[in-house]
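Input: structures, listed below.
The two complexes that follow have chain A in common; it is paired with chain B in the first and with chain C in the second.
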Partner chain A sequence: MGQWAGYLQLILDGAVVTIKLTLMGSALALVMAFLAGLGRLSRFAVFRWLATAYIEFFRGTSIFVQLFWAYFVLPLFGFSLTPLQAGVLALGLNVGAYAAEVVRGAIKSIGKEQYEACIALNFNRWQGLRHVILPQAFVLMLPTFGNNAIELLKASAVVSLISLTDMTFQAQVVRAQTGNTLFPFLTILILYFIMASVISLAIRGLERYLTRGLDGIRS
Partner chain B sequence: MEWDWSFVVQILPTLIEGVKITIIATLLGSVFAAIIGLAIAIVRRSKNRLISMPVGFLAEFIRGTPLLVQLYFIFYVLPDLGITLSPLVAGVIGLGLHYGTYAAEVYRAGIDNVARGQWEAARACNLTTRQTWTQVILPQALPPMIPALANYFIAMFKETPLLSAITVLELMNQARSIANYNYRYIEPITLVGAFFLVISLVSVVGLRWLERRYGKID
Partner chain C sequence: MPPSNAAPIIEIDGISKSFGAFKVLNDLSFSVKPREKLALIGPSGSGKTTILRILMTLEGIDSGTIRVDGDNLYQMERNGKLQPADESHLHRMREKIGMVFQLFNLFPHKCVLDNVTLAPMLTKGVSRRDAEKHAMELLDMVGLADKAKSMPSQLSGGQKQRVAIARALALKPKIMLFDEVTSALDPELVEEVLNVLWRLCRETDMTMLLVTHEMGFAHDFADRVLFFDRGRIVEDGKPDEIFRHPKQERTQAFLKKIIAAGHRV
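Moving on, here comes the complex of A and B:
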């Protein structure tokens, strides 16, 4: 067992990279989701087109291709990215496009009477969105955001192929050094599953916190 | 670095070879996922918790872990246990298992949507369990699921580049070997992206048609 301790340490170092990547990617995805989701609901056609083009492009091509494009092709246009930057960029933009549709759907599902109430209270569009619409819509978005974050965590394994030393990369290193396959791959499968479970528990907790005192009001 | 059309024409035949493998892997993976998904969905409904609980946990586990690692597991670990698979077979099994767990959720929702009265009617007609499923429940449950299933199969199609990591010579792998050999990344990688975008946009049109044809719940 003793010989595995060192290798386990290697995998745990990779786990830190995976967690960092997931957190930073999720932050970027959240920003992009609101930008593009609100953009699709904009009064101005330009914003609607831009948002639609962004969403269709990133949902239409594979995350794998986007990552390779960011890492190998962008430098040819003069943007050199480190593997970590390319990973965060590709993951964040890709998952952000999926989450943008969640933002749009949740906002559109808020009843018409809420918008009428905003007008009755003499709120402008931003105030109505900020104080009335979003607080209700955000609770609806949360469960799907949780799923999106898990998708992002799973997609982050792909960055090992552009030589970023995440968990999957380290497992390959252990496999190459020891020739043992079961130990590294089973270990990281379990670690990924634990991380995914933590995300879904955290989202469920946050949902409970945000809906406290609303029992019986929300159906 | 400039875009070079003559290079594009030169590499196109190799890329099309990759496209064929990509499409074969997607089709086989879809069939496998559809079958695995149905099996998981039916087993999870079993009254015997000793059967339904482990299968349910396994499905959750597969859904919560990355496809890439599962592919590595199938490709590298199974040979040590005495099961040697060709890269393409390993890839199809990985895709099928992974998306089968997603398809199982679609089946579950579809089966739950069949009205209770239909189960009772099947019992009243003295049908066996097998007859109830094949003659009454599934014919009603399956059509509304088709658009949702198709959605996952499009998603699977976009995940096929992962198979290049276990040495399947699909589109992405062909593009990478061209890129490494000629040291030109811009054309091959961009073409792969364009190819995926075109196929995805076409399949979205197909999906809309499926939704109109089967999606209605009356």
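Moving on, here comes the complex of A and C:
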């Protein structure tokens, strides 16, 4: 039994890496989602074009290839990243591209009458976006953002390919060392499920908090 | 206070406006004096809403000019030449004008008080304390001081519309535009909104343009009535002239139809 405790510790160390990756990757994805989502809706063609290029590129190429670029190819151009940095970069940019479309869709779904109220009250574009449109749109984005974060959590297992010691990597180590397959993979199955559930619950809680006393926005 | 004889505060000169191939306004001209209370009436689709939306800069014009408080609304002078207005010109012009919409357009994620304070704080740099003090006075005036902390979804239609009026007043515009502000309300809620308009009419020196199907109210409220049909002014006169002795056949036909539909004149 004692040896299993040691192996469990190994997997839990990996879980910490997975959580770190997921949190940092999601933070980057959130920033990219708003930059690219708003970029798609910009008055300026340059921003629209840049945002579209980013979104199409990262949705149209696989996360494996993106990760390998971040870790193995960028150093050839003088950008060396640690495995964690490369993992966060690839995951954040990849999921950010999907989430950007969520941002754009939610903003577009806010009715014309809200924009007109902003004009009649003499807000400038930024004020209207910041105080009227985004707070309402954000509530609409939340459920899909939750799915995106769970996707990111699951996709984070690819970083084991660049030898980052995340949960999946550690499970393989344990399997190699013990010859036992059931224990490590059952353990990480449960751990991934718990993490995904925590994300779901957190998002639902946040959603409930933001929609107190507010109906008629959710369609 | 009677309308002054000073220079007009709104001068609309030969404006036209099309949506695609459909010409909504056709070479329309009229002017409004400071403090004047103007009612715009006419059949559905005659362009009444479009005029208010153009004045609020929610909709542009194809040709003609509009002057508001001495300044060209859609054009500005730069280097001695007339050029299309830029954003900062439009912001300056919008300070003079407020609008209340048929469907209220309140901010559903903000409480009543925040709906009213947001614009003065953002666009005029008023402190939260002063904005809230003024907002409470306005909410008191529209009879909703006790609802300050409610969310719009918790209000009736009539209450929502009164909040929307307070919200527009918070910016102290010289000109207020009201687009069928009671049309979306249940009949028993119309009165409470009209009472607020009535108070504004008597107690402030704002210039007010009111689009309405409430002919009885238009008669009592307005200094002057414009009857529109197909994007043109068919008749322009004092309420008594328009409602009691309409000269134009189309005005007579319209009023007859309205009365037949059960409206008081």
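Here is the rule we go by: the second predicted complex is superposed on the first by the 214 of 219 C-alpha atoms of A that agree within 3 Å, B and C clash if a C-alpha of one lies under 4 Å from a C-alpha of the other, contacts with A are read in each partner's own complex, and residues count from 1 in each chain.
The rule is short, and it goes like this: a contact is a pair of C-beta atoms (placed from the backbone, for glycine too) under 8 Å apart; a residue touches a chain by one contact, two chains touch by 3 or more.
The structure displayed is predicted, hence computed values, not measured ones.
In the three-chain model built by superposing on chain A, chain B fits alongside chain C with no clash. In the superposed model, A:N124 lies in contact with chain C only, and not with chain B. When both complexes are overlaid on chain A, the residue A:A45 reaches neither chain B nor chain C.
Looking at the shared chain after the overlay, A:A5 reaches neither chain B nor chain C. The superposition of the two structures on chain A yields an angle of 110 degrees at the Cα centre of chain A, opening toward chain B and chain C, reported in steps of 10. Counting residues of chain A touched by each partner, chain B versus chain C, the larger count belongs to B. Once the two complexes are laid over each other on the shared chain, residue contacts for A:A176 go to neither chain B nor chain C.
By the document's definition of touching, of the two partners only chain C reaches A:E116; chain B does not. Taking all C-alpha atoms of chain B against all those of chain C in the superposed arrangement, the shortest distance found is 27 Å.
Listed in rising order, the residues of chain B touching chain A in the complex are 1, 61, 64-70, 72-73, 76-77, 80, 158-162, 165, 172, 176, 179, 185-186, 189-190, 192-193, 196-197, 200-201, 204. Of all the residues in chain A, the ones that touch chain B in their complex are 56-57, 59-66, 68-69, 72-73, 76, 150, 153-158, 160-161, 168, 171-172, 175, 181-182, 185-186, 188-189, 192-193, 196-197.
Residue ranges on chain C touching chain A, taken from their complex, read 56-58, 87, 91, 94-95, 97-99, 101, 103, 105-109, 111, 118-119, 122-123, 151, 153-154, 167-168, 171. Of all the residues in chain A, the ones that touch chain C in their complex are 113-114, 116-117, 119-124, 127, 131-132, 135-136, 139, 213-217.
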